[in-house]
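In the two assemblies presented below, chain A is common to both, partnered first by chain B and then by chain C.
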Partner chain A sequence: MNDLKIEATQSTPLIETDAGRGIIYMEGDSYPENSFEYYSDLVAWVDQYLKEQTRPLSLELTLLYLNTSSIKVMMDIFDELEEAHHAGREVTVNWHYDLDNERVAELAEEFKEDCSFAFNIIGQE
Partner chain B sequence: MKPNIKDLESRVLSVLEDIEHNDNPVRDVLAELWQYNQEQWQRVEQMVRVSDAYQDMMMKREKTLGERFDKHIRQLEKITRISDRYQTALREANLELEHASLMDTLTGLPNRRKMLRTLKREYDHRRQHIKLGMIDIDYFKRINDAHGHLVGDEVLIAVGHLIEQTVGDLGHVARWGGEEFLVVFTHKNADDVEICVNNLVREIQEARFDVLDGQIIQTSISIGLSHYQEGDTIDSLLTRADDALYDAKNSGRNRFHISHK
Partner chain C sequence: MFAPDLYELRSRFDDEKILLCFNGPISRSLIEEIGNALRNYLKTEQASPASALDVFAVYIELTQNIRHYATRSGVSGADTATVVVSLKEGHYHISAGNLVRFEDGQVLEQKVQTLAKMDKAALKKIYKEQLRKPRDENAVSGAGLGLIDMARKSTAPMTCSLKNIDGAKGYFSLSVQI
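Presenting the complex of A and B:
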């Protein structure tokens, strides 16, 4: 399957997928004009990967600001991971944040709340 | 009394099966009626089955819709909560930035940007009461050269603090730049302001600033004062305060000079 490599801009994060290793990287702020359209490729990629592959999937996130529609997209992706997890798939989210910015960790905690798969919130110097 | 339908059915069937009744004219009619009855029963049973299936389908559908609805509500509540927190964090970060952009980090006094806002506000609302005091520490470079920048910074902090204390409610103080401070006096009484300016010069001259390593530093300030005059702009008020400061410096420092132009 085709991997994604979307460069970061001021209002959109870097998005990189690696189907071979089963990893998605996202890094930066997210407030695109139309989040649902902007993230449609990523959502489709996750869909296809979970359907066609049997390998684990891991999300490496270093996200700072998310607008409301980006929050919705992330929650939809986490819901899909949750379903896959219930079906016996190994899925992990590693949410990285700067130790100077505890607020990011608090927000990641909110996302984590409904997820029963491995959701790690990792502070970095 | 309720008819025993099973008993009736078996009696009808036995009559129909009995060859003795084959020639009886009622037999054919009974056989036809029996057949009709059987078909009606089958239709009723089929209708019950279809109706049950519909009910079952609707119940399942309602359950699915209900679950989807609940899921969306949960999602919506969560999105709202997260989004609210982001907004709160942004608002707080904005306030911090705004505060930082208006404060002088060394002295903790309002900075030039903040002072220009204050000045504009005062000018728009009560320009006729405005008196500007442009303050400069005398020979500040010598303090820096002789004792180093850290001591110079301590002196700036101490002088700024003392100016703020002395001015009190008579006006607003800001660090204007380098070793310069600006006071906007909004007090109506010009005599009170002049007394205050005089006090400022005296207070600073008499102060003994206890800085790093127990060193005692003495210094003085010069002040140029301008009063609002008809037709003044903020710029012209500042220029005249600057000119008056220049005059105070030229006539020996450690004093104030009032612009009379």
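Presenting the complex of A and C:
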């Protein structure tokens, strides 16, 4: 399957997928006006990967600010991971944040509340 | 030649501790540029990373709500936004206003007043409910999650006002304190 490599802009994060290793990287801020449209390729990729592959999937996130429509898209993706997890798939989210900014940890924490798979919130100096 | 009294304008900004003000048609790129200026300002003012992020988040939700409303409603002039960020008594105040259909303004006013009465736990509960609502339903009332998010971030109940312009239209403004 094709991988995605979407460069970061001021209002959108770097997005990279690696189907071979089962990893999605996202890094930066996310506040596009049209989040649902903007993330449709990523949502489709996750969908296809979970359907066609049997390998684990891990999300490596270094996201800082998400507007509410991006939060909704991320929740949709996490819901899909949750479903895969219940079906026996190995899924992990590692959310990296700067220890100086507790808001990012709080945001990740609220997502984590709704997920029963491995969801690690990792503070960095 | 007409020369606006900029000194008087500036004095008013100084008196009201306004650190950023914009008035005009707002575009996606303007939202980004002004947002960038706001972030840089907050950094030089040494606001804590958490409050800087809260101020930025409220600014984005307010201005994007206006953009979405202008597109969805088709109300002419609705995309002309007035945005003010001020710092008073240790709190940042982020306010934004635009033209709306008067009845849309009344619905918003009602929502803001309902949110203002809720405590943190109740706000979190409806935030999570809204997050779980199917997207289509959400697209119709786009401001749903954004308003609740701002109410959660606001350190005092959000305040709003609705001024009747000509019966059909009103000027709606919303203010959030961080």
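Worth a mention:
The criterion applied here is as follows: the second predicted complex is superposed on the first by the 125 of 125 C-alpha atoms of A that agree within 3 Å, B and C clash if a C-alpha of one lies under 4 Å from a C-alpha of the other, contacts with A are read in each partner's own complex, and residues count from 1 in each chain.
As a convention for this text, a contact is a pair of C-beta atoms (placed from the backbone, for glycine too) under 8 Å apart; a residue touches a chain by one contact, two chains touch by 3 or more.
These figures come from a predicted structure and were not determined experimentally.
Annotation for the three-chain superposition on chain A: chain B and chain C clash. In the superposed model, A:103 lies in contact with both chain B and chain C. Looking at the superposition, the partner that touches the larger set of chain A residues, chain B or chain C, turns out to be C. By the touch criterion defined above, A:95 reaches neither chain B nor chain C.
When both complexes are overlaid on chain A, the residue A:68 reaches chain B and chain C alike.
Shared-chain residue A:78: touches no atom of chain B or chain C.
Within the superposed three-chain model, A:45 lies out of touch with both chain B and chain C [touch as defined at top].
In the superposed model, A:119 makes contact with neither chain B nor chain C.
Superposed model on chain A: among 7-15, 79-87 or 187-195, the stretch of chain B in collision with chain C is 79-87, the rest showing no clash. Residues 65, 67-68, 71-72, 75, 103, 114 of chain A contact both chain B in one complex and chain C in the other.
By the touch criterion stated above, chain A contacts chain B in their complex at residues 65-68, 71-72, 75, 79, 103, 106-107, 110-111, 113-114. Those residues of chain B lying in contact with chain A across their complex are 74-75, 78-79, 81-83, 85-86, 89-90. The part of chain C that touches chain A in the complex is made up of residues 28, 32, 36, 49-50, 53-54, 56-57, 60-61, 64, 67-68, 128, 131-132, 135, 138, 145-146, 149.
The residues of chain A lying in touch with chain C in their complex are 10-11, 31, 33, 36, 64-65, 67-69, 71-72, 75-76, 98, 100-104, 114.
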